[in-house]
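Have a look at these structures, which come just after this line.
Two complexes are shown next, each including subunit A; its partner changes from subunit B in the first to subunit C in the second.
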Partner chain A sequence: MNDHALKDWLLIICCLAVSWALFISVLLITNLFLVFALIVLGGVAMYGISRREGVKASIVQAFKRRNRFTFICMFIIIIGLPFILRGSPYWILILTLAILWIIVALGINIQFGSAGIINLGAAAFYGVGAYTAGMFAIKLGSPPLFNLLLGAVMSMVVGSLLFIPLLKARGHYQALVTIAFVMAFHNLLNNAAWLGGAQGIVGIPPMSVAGWSFVQEIKVWGLKLPSQANFYYLALLLGGLLAAASWRLWNSWVGLTWNAINEGTGDELSAKCMGVATGKWAMIAFTIGNFYIGLAGAFYSHMTTYVSPPDITFYQSLLFLSAVILGGVDSIPGVCLAALLLVILPEKLRAFQQYWVMFFGIALVLMLILRRKGLIPAMIRIYTRGMREIPESLRAPKGSNKND
Partner chain B sequence: MDTILNQIIHGLMLGVMYSLVAVGFTLFFGVLNLVQFAHGEIFMVGAFLGLIILNVMHSFLGIDHPALLLLICFAGSSVLTAFLGLLFGRVTIRPIKDAPPIIALLTTLAAGISIRFFVMAFYPSGSQPQNFPRYLPDWQTEVHGVQLRFDSLFILVGGILLILGTYLFINKTRMGIAMRAVAQDRETASMMGVNINRVIDTTFVVSGILAACAGIFNGLYYRQIIFDMGAIYGVVGFSAAVIGGLGNIFGAIVGGFLFALLASFTSAFIPGGSAYRFVTAFAFLILFLVIRPKGILRASRGKRET
Partner chain C sequence: MPDNEPTKQLFRCEKLTKNFGGLKAVDGVDLGVSEGEILGLIGPNGAGKTTFFNLISGVYPIDEGSFFLRGENLMGLPAHKIKKKGISRTFQQSRLILNLSVYDNLFTGMLESFRSWFRDSLIFRSRFKEELKRAIEKANQLLSQFNAELVGKGFLPVSEISQIDRRRLEICRALATKPALLLLDEPSAGMSPEESAELMLDLQRIREKEYRELSIILVEHDMAVIEDITDRVVALNYGKKIAEGTFEAVSRNEELREAYLGR
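Up next is the complex of A and B:
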């Protein structure tokens, strides 16, 4: 048994170390050909492993058996990233932005992935959070942490304006409500003088917590971390908490309720017949999602110290939503991965900036046509402790189509 | 009084363009039961193709006669756009014909974004607004203080003719009847011998022609076109189709005019309103969806609820 554990640990450490090294080198190497070669190499290696059933099975088993160990390793890696990247503050900033995107994507995942409410206006709620935090910081000088919370709450409050239209409308009409909202909101921000107009809000004071200003460098054991690491760690803390909350919600009866009212995974009519208050739960999902999105927006405004209308468009909303689709609808790890990729790839491909959106659109279309479940498909919940596989007798028969 | 009439004229002219796009949306929804969100981009492509044709005709072939030029421009752009729309439909719409509606909406949205940025990347200095040559005469007149510009009248008349043509096509021709049959019940229609794929292709051709003409109208009126103009027209066209009741051609036309009049009245009567015209228009839209979630005119009889 002990021997077994050692083998598992080694396997896990090897896998994580290789992927981590690959990730760091992809970030830091500027030569695009080299980066591309590395990614192809990694892909080929992954493919090779997935073809060899024996190797694949033992790796998967190792990760499944030792998930606490895996978790600790991942934790150390993520905490350690700024130490490795301390020479390039730029990438720490980008990773912080990626964490914000992950928070937004998790919020949309609750709305769209779990409860099936399509939100094509996520950028508007992001904007509500950012503008609220920015306005309060500038006009009243309120403390940044308070502003974060305020931005998130404000986003929930503004979201409640859409309750009635969202409950009345269905399908396409529901999508249109959120689109119309973000369009109107963008138009409003662009013209409202008291919100800074087209220039937006400039000069928002940077984050500070209990007297510790985030523009200071961190000194740990003689190592100097750039000031961006402050933002990274705070975002990491918030993101970790929110991701854990998201996971607990998903893995509870609440997540199940949301899936039941989702037309894609469940059936609203049956849920209603079973006594689920469908409207109430849909709006709870919408509001919680907006909390996530608003918090990320408020953090963003305190990180970049300015926020302007071009950040708050329908197109931006689509980008946010596509993180959920690319990663896998209702799949928390998938959504996180996709959000990370969606931030890092465009930064990496700066040289091809004008073609990026085009290729992104094509990739999204291909994903939607060929692999609708996303990069990491959603897991099946374990309803009974110890039941890892669903017995054949309980599986839905093949060919049963939920959309009929 | 004069401002009201002027705004009505402006609103009607805008309404023609919105309606032409909205009719496309409504046709797609009727026949395919999905929202074809790339339609705004097809409108933009139509305008750019028109511009390319005009420039090529003028500088390489040396044609100078304005009427002839415009005729070739409209015809050529319509044909090319219809063909591109057809291609687009075959590549992206056919695989998702039976997908859940939200997936279809997102696929077309993503495809539309690709098209938009394709134009930006590959049209020479495509991120800048492009000047649209002026071939319409500058003639204008005043009737009781109401300004009538030739281009507004041209667009008004041309658009109404196009809408009339579409109406006749849908109601009088064999293919139009097949389209309506598919809109009512796809399976039964296919059992009656209607070739579904031909109908889908025809839908793309018809809406492509309408969108291309609307795009050229837009270029002729504003004298400028830009790669991202399809975004706002896409949303506005969709909104107009929704106001009229998705799947209902007459409703889409009414919706288009309503939306345009609303936008132009906002800019006329609310001080500083021109900047906020889309705020009111979209706020109205949301309110409208609360009161009548199915549109002014209900979708055609026998339509499945979505």
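Up next is the complex of A and C:
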């Protein structure tokens, strides 16, 4: 029995170590050919393992049996990341941005993935958060942590202005409402002098918590972490909390209700006849999603100390939404992975910046053709770990059949 | 259950009317259902049977008339409130959520009875787990009344179970919160005669066991099914009630024969 556990642990540590080493070297190596070669090597290795049934099965089993151990290992690696990357603060900053994207994507996943409200105006709610935090910090000098919360709440409040048009419209027309909103908001920001006009808001004080300014370096055990690590850890804390909340909601009657009113998978009429107040639940999903998006926006403005209208466009909304489509609609791990990729890849491919949108478009179209359910398809809801006693044969991936 | 016997009336509608443009889809229908009664609703295509269901389940707003459940006027209430008052329905075309599990689909029928929402699912997880456990027990009990095999398939996506099991699941879902009145809209549509006979047997069996007081309004084209399980039959044509009574009496009705056979 003990032997078994030891073998599992070793397997998990090996897999995680190899994949994280690959991840970090992909981040740090600047030679694109080398990066490409590494990715291909990783891909070939994964393919090789997936072909050997015995090895694959034992790895999958190990991860399934020891998911608490895996979780702890992942946690240590994620916490330790700034220590490994302390020589390149730029990548810590990018990873922090990736966490903000993950928060946004989780919010859109509640709206679009779970409840089926297509929000193509996410950048506007991001902007509401960012501008609220920026304005309060500049005009009133209110503390940044308070501004984070305020930005998130303001984004919920502004979102409620759209309740009536969203409830009157259905499906694609709802998407039009949100597009109209982000365009109008962009124009407002560009023209309203009291919001800084086309210049935006400059000189927002950087984040600080209880007197600890985030522009300071962190010193731990004689190691110096660059100031960016401050942002990384706070974003990680917030992102972790929000992801956990998202996961718990998904695994509850709330997530189920959202799926039931989702016109894409379930349907509203039948949900109504099952006793669900569909309009109310759609707006709850919309509002909670906006909280996530607004919080990320507010954090962004306290991180970059600068926010301007070009950050808040329809195009940006499309990128946010595509994280959900790419990762897997209603799949929380998938959405997180896709958001991470969508931030890291364009940074890595800076040399081909003008082609990035083209690459991205092709990738998205291929994805929709070849893997419609996303990078990590949504699973059947098992609700709690206690439910794991269900025999393996009864658990199958969501909708893994031909007739849909 | 003959008409003149003094049984408690559960459902009643008066002069129910619905116009689509110039067309009177349902035209002044009066109808009553007693407790524990199975009422068959028949009529040719386009007679207004499904529209009638859509009216009394709150899907369409009513133009004229009103309807009552246990004497309470439900006219004008939205669909989800009518369901909470005790009228539950199925649809002619399956409206299950294909990529959710069998349990999840069944749970959507129980949502109104659940008490663990945001606070319990985010913070007090153990309370949610308690409720989940109870819900699964209830679901297993419901499923096993129809088909014991379905219990083992609880965590399979609905897209992977058979057509007849989907019908069963849909009826289970409508029954999950013990409604007073169940509206079944052509439950045997798209099934073979054997399958539909099996489904009707299931239905009769669970009524005898668990749901003695349950009243049902059944829309069905298969006259053998109607003859078998209904207590009383109402016939509609062009939105109007043209006949009412026992199956034998109604089937002798000239107007109905004409409507069906087109003489």
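The working rule: the second predicted complex is superposed on the first by the 382 of 404 C-alpha atoms of A that agree within 3 Å, B and C clash if a C-alpha of one lies under 4 Å from a C-alpha of the other, contacts with A are read in each partner's own complex, and residues count from 1 in each chain.
Note that contacts are C-beta pairs under 8 Å (C-beta built on N, C-alpha and C of every residue); 3 or more make two chains touch, one makes a residue touch a chain.
On a predicted model such as this, the values are computed, not experimentally measured, just so you know.
*Asks:* When the two structures are overlaid on chain A, which partner does A:Ala271 contact: first (subunit B), second (subunit C), both, or neither?
*Replies:* In the superposition, A:Ala271 touches subunit C alone.
*Asks:* For A:Arg248, is the partner it touches subunit B (first), subunit C (second), both, or none of the two (neither)?
*Replies:* Only subunit C; A:Arg248 stays clear of subunit B.
*Asks:* Contact-wise, after the overlay, does A:Gly87 reach subunit B, subunit C, both or neither (first, second, both, neither)?
*Replies:* neither
*Asks:* Contacts for A:Gly141 in the overlay, against subunit B (first) and subunit C (second): which applies, first, second, both or neither?
*Replies:* Touch status of A:Gly141: no partner.
*Asks:* Of the partners subunit B and subunit C, which touch A:Thr257 in the superposed model: first, second, both, neither?
*Replies:* A:Thr257: touches subunit C, not subunit B.
*Asks:* Applying the document's definition of touch, where does A:Arg381 land relative to subunit B and subunit C: first, second, both, or neither?
*Replies:* Only subunit C; A:Arg381 stays clear of subunit B.
*Asks:* I'd like to check the shared interface: which positions of subunit A are touched by both subunit B and subunit C across the two complexes?
*Replies:* Comparing the two interfaces on subunit A, one with subunit B and one with subunit C, the shared residues are 403.
*Asks:* Please name which positions on subunit C make contact with subunit A in the complex.
*Replies:* So the residues of subunit C in touch with subunit A come to 57-59, 78-80, 83-84, 88-89, 91, 95, 97-101, 104, 107-109, 111-112, 114, 116-118, 120-122, 125, 128-129, 132, 152-157, 159-160, 173, 177.
*Asks:* Okay, in this complex, where on subunit B does subunit A touch?
*Replies:* Residue list for subunit B touching subunit A: 29, 35, 92, 95-96, 99-103, 105-107, 109-118, 120-121, 127, 231-232, 235, 238-239, 242, 246, 275-276, 278-279, 281-283, 285-287, 289-290, 293, 306.
*Asks:* Per the contact definition, I'd like the list of subunit A residues that touch subunit C in the complex.
*Replies:* 245, 248-249, 251-254, 256-257, 259-260, 265-267, 269-278, 378, 380-384, 386-387, 390, 394-396, 398-401, 403-404
*Asks:* Contact residues on subunit A for subunit B in the complex?
*Replies:* Result: residues 118, 162, 164-165, 168-173, 175-177, 179-181, 183-184, 187-188, 190-191, 263-264, 314-315, 318, 321-322, 325, 354-355, 357-362, 364-365, 368-369, 372, 403 of subunit A touch subunit B.
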